[in-house]
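Once you scroll down, you'll see the structures, which are given as C-alpha cells.
In the two complexes below, chain A is the common chain; its partner is chain B in one and chain C in the other.
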Partner chain A sequence: MADADEDAVRGTAVEATQIETDLSDETQDFRLLNHLNFLTDTSSSSLPRRGEKDFEPNPTLLQADVLSSSRQAMHNALAHPRLHNPKNQVIAIYAPDGPGTSASPPHASSQISLNSSPPSSTKEQNTVKPPGRGAMVSPDACVYVPNPKGQYFKSMGQADRKGVVWLLPEEALYLLERGSLNIRWPASITGGSTSSGPDEPGAQSSEDDDDLSIPMSLQAAYTCLIGRGGLTLERFAVFSSLKRIGYAIVRAPGWNDSRTADDSSDTHDSPNAYTQPLLRGAGLAGIFGRIFKWINDPRCTSSLAAGPVIGYGIHRSYADIYQKLALIPWYDPTLTPQRDPLDTTAPFRIIFHVYKPSTPIKKTALPTPDFRIAVINTREHDSIPTLDQLGALLESTPLDVPRGEKMERHLYMRLRHGYRNVIMVVVDQGVTSFLRVADAAFGKERIYEAANAPMGAKKGGNYRKKKR
Partner chain B sequence: MESAPSLPISISYVSGRYLLFSIDVVTYLRREHNICGVLIGTLPQIPQQNVFLGLPLELMPEEARLLVDKGVACIVDEVKAHDGMRSLLEEDRRAYLRDLETQGQLAARILADRKEQQRVQSLKEIDEKRAKGLAVKAAKAAQAAAEIQATETSRPTTEAEESASLFASVDEKTSASRTTGTTTPAPLAVMAVTPTTSYPPLPEPAAAEHRLARPDVPLSYPLFAHLHSLGYFLSPGLRFGCQYVAYPGDPLRFHSHFIAVSAEWDEDVDLMNIVNGGRLGTGVKKGFLLGGPQKRRDEVESEADRVGTVRTFSIEWAGM
Partner chain C sequence: MLTYFSELKGGYATIERPELAWSLSGNPLEKNCAEDSLDRTCQTRVTSSHCSRLLAMARETDMQPSHLKATMSAIESAAGYPLEAGKSHPPRAARAPRPPRPNYRNIHRFPLPVNVHHVPSVIPHNPLSIISVALSYLTFLVSPPHQKVYSACFDSATSSVHVTDEKTIRALWEMGFFGKGSLSRSEPNWLEQEKKRRGLMGGSTVEEATRKRRAERRQLKLERARHEKLAVEERLRVEAAARESGSQSGLHVVEAADSTATPAERFSVKKAMEARFLERRQQAMQNREAASSSDQQQSLGDLTNSPSSPSANSQSLPVSEHTDHILDDDLDLDTIENEEHLQLSNEETFFLVYALGALSIVDRASNAIIPTPALFDLLRRHSYYPRRPENRPLEVDDPFMISYVVYHHFRSLGWVVRSGVKFGTDYLLYNRGPVFSHAEFAVIIIPSYSHQFWSSTEALKRHAADKQSRSWWWLHCVNRVQAQVKKSLVICYVDIPPPSEVAADVGGQLNRYRVREFLLRRWVPNRTRD
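== the complex of A and B ==
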C-alpha cells in the first residue's frame, strides 16, 4: 500500500524532473548535431532535443551501432575547423610581453631597435601599426588587433591612442575559440629562426606582407594565454560560458589575488549590524529611563526592566506586543558597513562583473554590474566557505535592496532576493555550477505587520477585527 | 576514425590542468580506454550555447595518471614545448604554411560546393512551388468558373497568379545567374585556418625534456582506478554532489548508475553524510557508492598497490 503510494509520488516526481532537466547537465548526444547545418548556417538558433539513453550495455549489434554513430557524430562535430573568410577575418598578433615596455610592440618597432630603420621596414610600419602604450590598456593585455572590425570589440578590448585594440588573454582566447579571431605568432618569436635578428627585416620584405606569420593554433593559444595575468582555466571557463550565452563580462578589481585593500579605512568601527531588540538600560538610570518612557509612551505594554516581557496592564496594540517579544538579536544587512572588495581572501572575492545582454555597455564608462562573480575550484577548495569568508564576500558587494512591485507583494521573493548577493561559480574539472548567494533579512520582515497587507487580509485581518 | 594515434599520447599540461586538443586522441581514448574527460571549449559552428561544447577536453588528474600508469600517455609541459616555435626551421615553416593554405583551399571548395548544392536545392523547391502554384491556380480558376457569383473566391486566384509570376521572374533571374556562375567560376578565396593543435609545426613526439612526472592525484584515486578497471566510465561528480559519477557504458548512450564517494579505510564517516548520500542517490535514481582502499598511503609503495584493496559499498534508501 505504502509502496504503491510512494511509487505514484515518485512517478510524478520523475516526470517533473525530466521536464526540468537542464540540457547542459547531461552528456550530450552529438548525433543531434548532425541535423544542424554546420558549414553554412552558423546561426542555428534552436537546439535539438536529447535522445533516449539505454539503461546498461548489452551485447546487441543495435546498441553497438547506435553508440558508434553517436561517437562518429561527436567526432565530426568536434573536428569542425575554424575558418576565416579572407573578406571579413580579423587578424590579431600575440604580444608575449604585453603592451607595457617600449621593446614589446613586436612587429615593426622591434625591427627598428635591431636595425636602424632601413627603408624596407618603414614600408612595413605602414601596414602594421606599431602599438604604443595607451592610458586605457591593461598591462595584462597580450594580444593586439591592428585593424579591429566587427561586433566583438564593442564589449571587449581596450584601444590605445593609435587605435590598436588590445585584448586580455581571456578575450583573445574566447574569440579564437569561437573562430572569430585569427591570432598570429609575432615575428619576434617565429620570425628570426634561420637568420639572426638584424637580417630579419630583409627576409620579411622579400615576402608579401604577413605571409610568413604563423597562425596560432587553439593549443598554442591555450598554452600561451592560460596562466597569464591570473587567468586560470576555471576563470576562463566561467568567462567563456557566460560570453557564449550573451553576457558581457569584465574583470573586477579583485581579479588579482595579491591585491589587498589599504588598511587606512576604518570600516570595522562602524555600528554593529546586530540590532539590540530591547534597550535594557543598566542600573538605576536605566530603570528610571524606562519608567519615564512608560509614563510618556502611550503604546507601552507595561513591561519592567526585570519583569516579564509583557506585563499586566492595558495592551493597546498587537504590534507593540510583538515588538516586545522580539528578544533574539537578528542580522540587519542594511546596517553592515560596505567592505572594500579587495578586503577579501581569494577565492572568495569578486573577480568578474557581469552585465545582462540587455544592459547597454560603454567600455569607457561601465555601469554598475548586474551580477558579481566569484570563482571557486573544487579541487583546491572542497568545503563550503566559512561564515567569515562568505560574510566578507557578501559585504564587499553593494546593497541591493529588494525593490519593485512584485517584491513588495511577495514575502518569499524578498527573502530570496536578499539585501546583498553574489554569484559563486563552482568549477569541478570543467563542470561549472552557478550558485547565487544572498543574505536574506528575516528580521526585517515583520509578519505581524504584514497581516493587514493584501495577501493576508482574508485570514488575518478580518478575523482579528471580529475578535476585537 | 578507427585509426589509433601513435602512442604514447601527449597530454598537454597547461597551467596546472591536463588538456587534450587532438580529436583523434579524444575519440581513441573514449573508445579504447573508457576515458571521457570534460569538453570545455566553444564549438565554432554553434558558438552561442553551452549545451554542446568542443575541444579542448579537460582530463581529471586521476584520468591523466591512469593513462600514464598504463603507458598509454605522457604528460607534456606545453609552455616549454611551445618554446620550440622560436627555433622553427625556415623550410618547416614554409611547408607548414603551404599545408595550411591547401587546407584553406579545400575548405573553401567544400563551402562553395555546398552553397551550390543548396542553391540547386532551393531552385528545385521554387520550381516545385511554382508547379504547385500553377496547379492551385488552375483548380481555383475552375472553382471560380463554377461559382462565378461568389466574389471572395476570385481574390485568391489573382494572388496565386501574382505569386506564380513572381516565382517565374525569380526563376529566370536565378537561372540566368546559374548559367553565368557555371561558365565563369570565380576564383575561390583561400580560407584562413586556425589549426586546433600545434603539432605540426612542432615536431610530433615532444622532446623528452618537456615530459613531466606523473600527475599527483587525490586520495580518492584508488576508488577511481578500481571502478575504471571494472569498465565504468567516470566523470567529475559536481553535478550530483559526489566525487565521481559512474556510468556503466559510454555516457553518450547510458545514464549513470552510481554516485561515488571515496573514504579512507579508517576514516570516520559522518552518518549524516551517508544518509545525505543515500537520499540524494535515490532521488536521482542512482546508487550511492561509498568505497576506498583498505591500505593507507604510508602502508604501500605505490598508489597502484592500493587500487587492488578497494572495497565498495552501495547504499540505497529503503523507504521503510
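== the complex of A and C ==
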C-alpha cells in the first residue's frame, strides 16, 4: 500500500515538507559521530543535536574550527576499525569456476562420472552452461558455504543436492561487507591443500582446512566478484542498499543483458493497444447510433476537416461533446498482453525482483514480487528512455490494476497507481535515485462524467470531502 | 544552480513561446490560503480551550447569575463569538472574517464555451413524455438556439491570440478557463485590481496578498542577514581580543567550536515568523480586551452583534480609510479604462476554433476571418522560431503539432489544461478548473519516433535521437520541482507518424499521432517497507 502511505502522509503541508527534506539528502554534521555511543563510551545517553547551518563562509576562526572539527570527526569515524566477532562469521569458499561439475567434491564426481567434464573447459562454458547438478544453483554462483547457519540463508543462497549453499557474487559480497561471511581462497589457487580440486565440504575435517586456507580480503573480493556474471558496481550498490533496509532481493530472468527472447516475433508496436476513436462507430451498433444521433442532432455540421469537431448543432450534453472530441488515439494498457521479460532492450529490463520484509519468502517457490527493478547506469545511457524502451519495460510486468475501496473513491490515487508499474533505479556515479514509473491511463478516467469534482478548500491538491 | 535553471529553461514548450515566458499564468489562490487556515486553527484552538477552562471555573465556584453573565460576555469578547451556557459552538476564527468567496460553482458551471440544451427523455409508458419531447423539438425548430461564436485576433509579433472584447474575455475564462490576462497572474482581473489599489473597492486581491507576503519574507531575510553579519562581526572582535591576550586563544576557540550552544541561538526566519505571529496575536487579544471593557459599559446586547473587533492586521491595509469615498467616487469607476486583454495560447485558440467552433480568428490586416485550415497552417509556422516562411514545407513533428495533440487529448478527457511554465513543465492538469483545486498533474511532453520510417536512414535516425533525447539530470530536476509543489509528474510521449504522402485534412492528420502517458515519482524504499 505504497499509495495509502503516501496519501496519508501527504495530507498536511508540514508532513509533506518533511518527506522531501530527506535527512539522507543533506550534508551531514559529522560532529554528531563523536557522540555516537560505540565510539566513546556507553554511559552517555543523550541524543545528539543538530546545530545550525552556515550558508556562506565567513572569516571567523569559529567557522574554520567547526569545519575542521567536523572533518576530524568524519575521519575518526572512518578510521575506526570494524571488528566482527569471528564467532558470528560463516566460513565460505570461493569457487572461481562456479558450481559446475568441477566444483563438486571429488567423491561425488566419482559417483556420477558421466557428468564430469574436464575442469579446464569449465571457464568458457560458464555462461552458456545449463544449471549444473544442483538444479537450483545458478551458474553465476561462485562462493559456497559448506556449513550454512544463521538467518541470512533464508532469503539468500541456493542449496545444491549435497546441502551446500551456493552464493551469488552480490550475496557473498554483501555478507562479506557486513562481516557475516569469511570467504577463503580455494586450495586450487593457494595450493595449500593436498587435494587438487577445491576443498571438500564434509568429507575431511573442516577445522584443518579452515586453518590452512587463506581468508580473502575485502579488496580481493571486490576484484573477484564485481564484473562476474553481469554483476556491475551499480547493480551491487542497488542490491546492497535495498538489502540493508531489509528487503529480500532475487535476480530476475532479465539479469543477463545478452539474453533475448526466443521467438523474436515483432509483436510490439502493434497499434491495437491504442484506441482508435474515429473507427469506433463501425458495425451495426454504430449505424444505429449514427441514425439516433442524426435524429437527435438534425443540423449536424460536424467536420473533421475544417469545421468544428463537435458541429454547430444542438448539443444535448457535455458528455456528448467530450465523446465527439476524442480524436487522438491513446494507449490502453489493458489491451496489451504481457510481454516476455526478455523482449526488452538491455538496460531497461527488470533485473531484480524485490520483496518487502513482511512478505514471507520460500526460496523454492517464490511469490510474485512486490517490486520489479531495472538498474540504469547514466554514464552508459545518458538520456532518458524512449517510448519504445520504456513501453517495453512496462509491458514486461504483469497488469496491476488499481483496485480496492480507496482506489475506487479517489481518482488521483487511481491515476497515480497506474495499470503497470516498475521501479527504475538510476545510478549516476554512485548517486542512486529510485523512480517509480507507472502506466497511467488517463483515457480510462472520464472525469467529465464524474460528478464528484473537487470543491471547496484547496489543500495541497489532495481533496478530502468535508464532514458536515 | 546555473545548470538547474538552464535545464528548466530547456523545457519543451517554454522556449518557443517568448510571450508567455515573462508572465506566468496559473492559480490565483496559492499559498496564502494554506497559511491562513493554519493561523486560524492555531487561534481557535487557543480561544476555545480558554473558554472551556473559564466556564469550568465558573461552574465550580458557583457564581451568581449576574456575575456569570459578566464573565460570559468577557469570554465571548475574548473568543470573538457568542457562547451559550454549557454548550460549545463550532469554533470560528477570531480574526476579521474574510470576504465571502464568489460562488465559483455557479460562475463556472459550464465546462466549455458551448451551449447545451437538454431534451427530456422519452419514457415509453408515459405518453406525456413524448409530448414534452415533441414540444421541445418544436421550440428548437421555431427558434433554433443560437450558438455564440466569439472573435479574437491573431498577433503575429507575439505569436498569440488577443481577445479584447469584455464579454468574450469573461465567457472564455468562466467556461473552461481559457487564456490568461495580459496584466494579471491568471484570471483577467486587472481592472478590479486597479480599482482596489485606488481604493475604489473593498477587499484585497490575491496579487496584493502575494506581494505583501513576499515583502514580509524579504524583510525577514534581510533581518536575518543583518543578524548574521552582526554575529560574525562580534565573533571577529572576540577572536581578535583573544589573540591579543595571548596563547590561550586556541583553547578558547576549540572550546567554542565544540559547544553547540552558540549556533542554536541564532536568528532564523522560521523563529522570526513565529515570534511575529505570537506578537500579533497578543496585540489582537489586547485590542479585543480593551474594546470589550469599553463596550461592557454600554450594554451587553451590542457585544454579540460585533464579534469582529478591530484586529491588528486590518490596519496594514489602507482599505478601511477609503471606504468612505466609495460613494463619492462612483463617477471615477468609468474613468479607469481596462487596459488588459486576454491572451490565448496557440493550442487554446486552435482548440476553440477547430474543436469547439466557439471562436473565430480575425486577421488584423484584412479584417477577414481566417478559415480553419489556414489557421492551422499559420499556427504551425509560428511554432518555429523564427517563424517558418511560406515557401518551406512543414514537418510532421513541428512543435505545435506535438503540443496540440497533447492539449486536445487531455481536453477531450475533461481536464482543464493550462500552461505549466511556472513549474518547468509543458502543461498542468486541473480537475474542473484552477479556482476549485490545485493542479494535481504536471505534464511534460516528449516526442517519440518509434515508427520504422524514422530509423530507415542515418539522417532520420540522428534527427529522431536529437529530438527525443533528454538528460537524466533534466528529468531529476523536473521531478524534484514537482515533488516540492506536490504535483504528480506525467511524462506524455507523442508518437510521431511518418510524413504522409497524401495530403490529409486536419482531423486526419491529428488522428495519426498517438499518445501514451507515464506517471513518474520518486520511490523511497524506506517508506514502502510496511
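To be clear about the criterion, the second predicted complex is superposed on the first by the 292 of 468 C-alpha atoms of A that agree within 3 Å, B and C clash if a C-alpha of one lies under 4 Å from a C-alpha of the other, contacts with A are read in each partner's own complex, and residues count from 1 in each chain.
The rule is short, and it goes like this: a contact is a pair of C-beta atoms (placed from the backbone, for glycine too) under 8 Å apart; a residue touches a chain by one contact, two chains touch by 3 or more.
Treat the numbers as computed from the prediction; the structure is a model and nothing was measured.
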Thinking of the overlay built on chain A, is A:G246 touched by chain B (first), by chain C (second), by both, or by neither?
-> both
Who does A:S258 touch here: chain B (first), chain C (second), both, or neither?
-> neither
Which holds for A:Q89: it touches chain B only (first), chain C only (second), both, or neither?
-> first
Give one of first, second, both or neither to describe whether A:I314 is in contact with chain B, with chain C, with both, or with none.
-> second
Can A:H80 be said to touch chain B (first), chain C (second), both, or neither?
-> first
So, does A:K356 touch the first partner chain B, the second partner chain C, both, or neither?
-> second
Between chain B (first) and chain C (second), which, if any, makes contact with A:R178: first, second, both or neither?
-> first
Where does A:T190 make contact in the superposed view: on chain B (first), on chain C (second), on both, or on neither?
-> first
Touch check for A:Q151: first (chain B), second (chain C), both, or neither?
-> neither
Chain B and chain C footprints on chain A meet at residues 6, 66, 241, 245-246, 378, 426, 428, 433
Touching residues on chain A, where the partner in the complex is chain B = 6, 14, 17, 23-25, 27-30, 33, 36, 38-40, 42, 44, 47, 53-57, 63, 66-67, 70-72, 74-75, 77-87, 89, 174, 176-180, 182-183, 185, 189-190, 193-194, 211-212, 214-220, 222-224, 226-227, 232-233, 237, 240-241, 244-246, 378-379, 426-431, 433
Contact residues on chain C for chain A in the complex?
-> 29, 33-34, 37-38, 105, 110-112, 114-119, 140, 144-145, 147, 232, 235-236, 239, 253-254, 256-258, 260, 262-264, 266, 268, 353-358, 371-373, 405, 408-415, 431-432, 436-441, 446, 448-451, 468-472, 474-476, 479, 483-484, 486-488, 490, 493, 495, 505-508, 510-511, 513-530
Spell out the residues on chain A that touch chain C in their complex, using ranges where they run on.
-> 1-2, 5-6, 9-10, 13, 16, 19-20, 22, 49, 51-52, 58-62, 65-66, 69, 241-242, 245-247, 269, 271, 274, 277-278, 296, 299, 303-312, 314-318, 321-322, 325-331, 356-358, 370-371, 378, 382-384, 386-388, 390-391, 394, 411-412, 415-416, 418, 423, 426, 428, 433-443, 445-449, 453-455, 457-463
As the complex stands, chain B meets chain A at residues 1, 12, 14-17, 19, 21, 23, 26-27, 30-31, 36-52, 54-56, 58, 60-61, 78-79, 81-82, 85-90, 93, 96-97, 100, 103-104, 107, 110-111, 114-115, 118, 189-199, 201, 218, 235-239, 248-255, 257, 284-285, 319
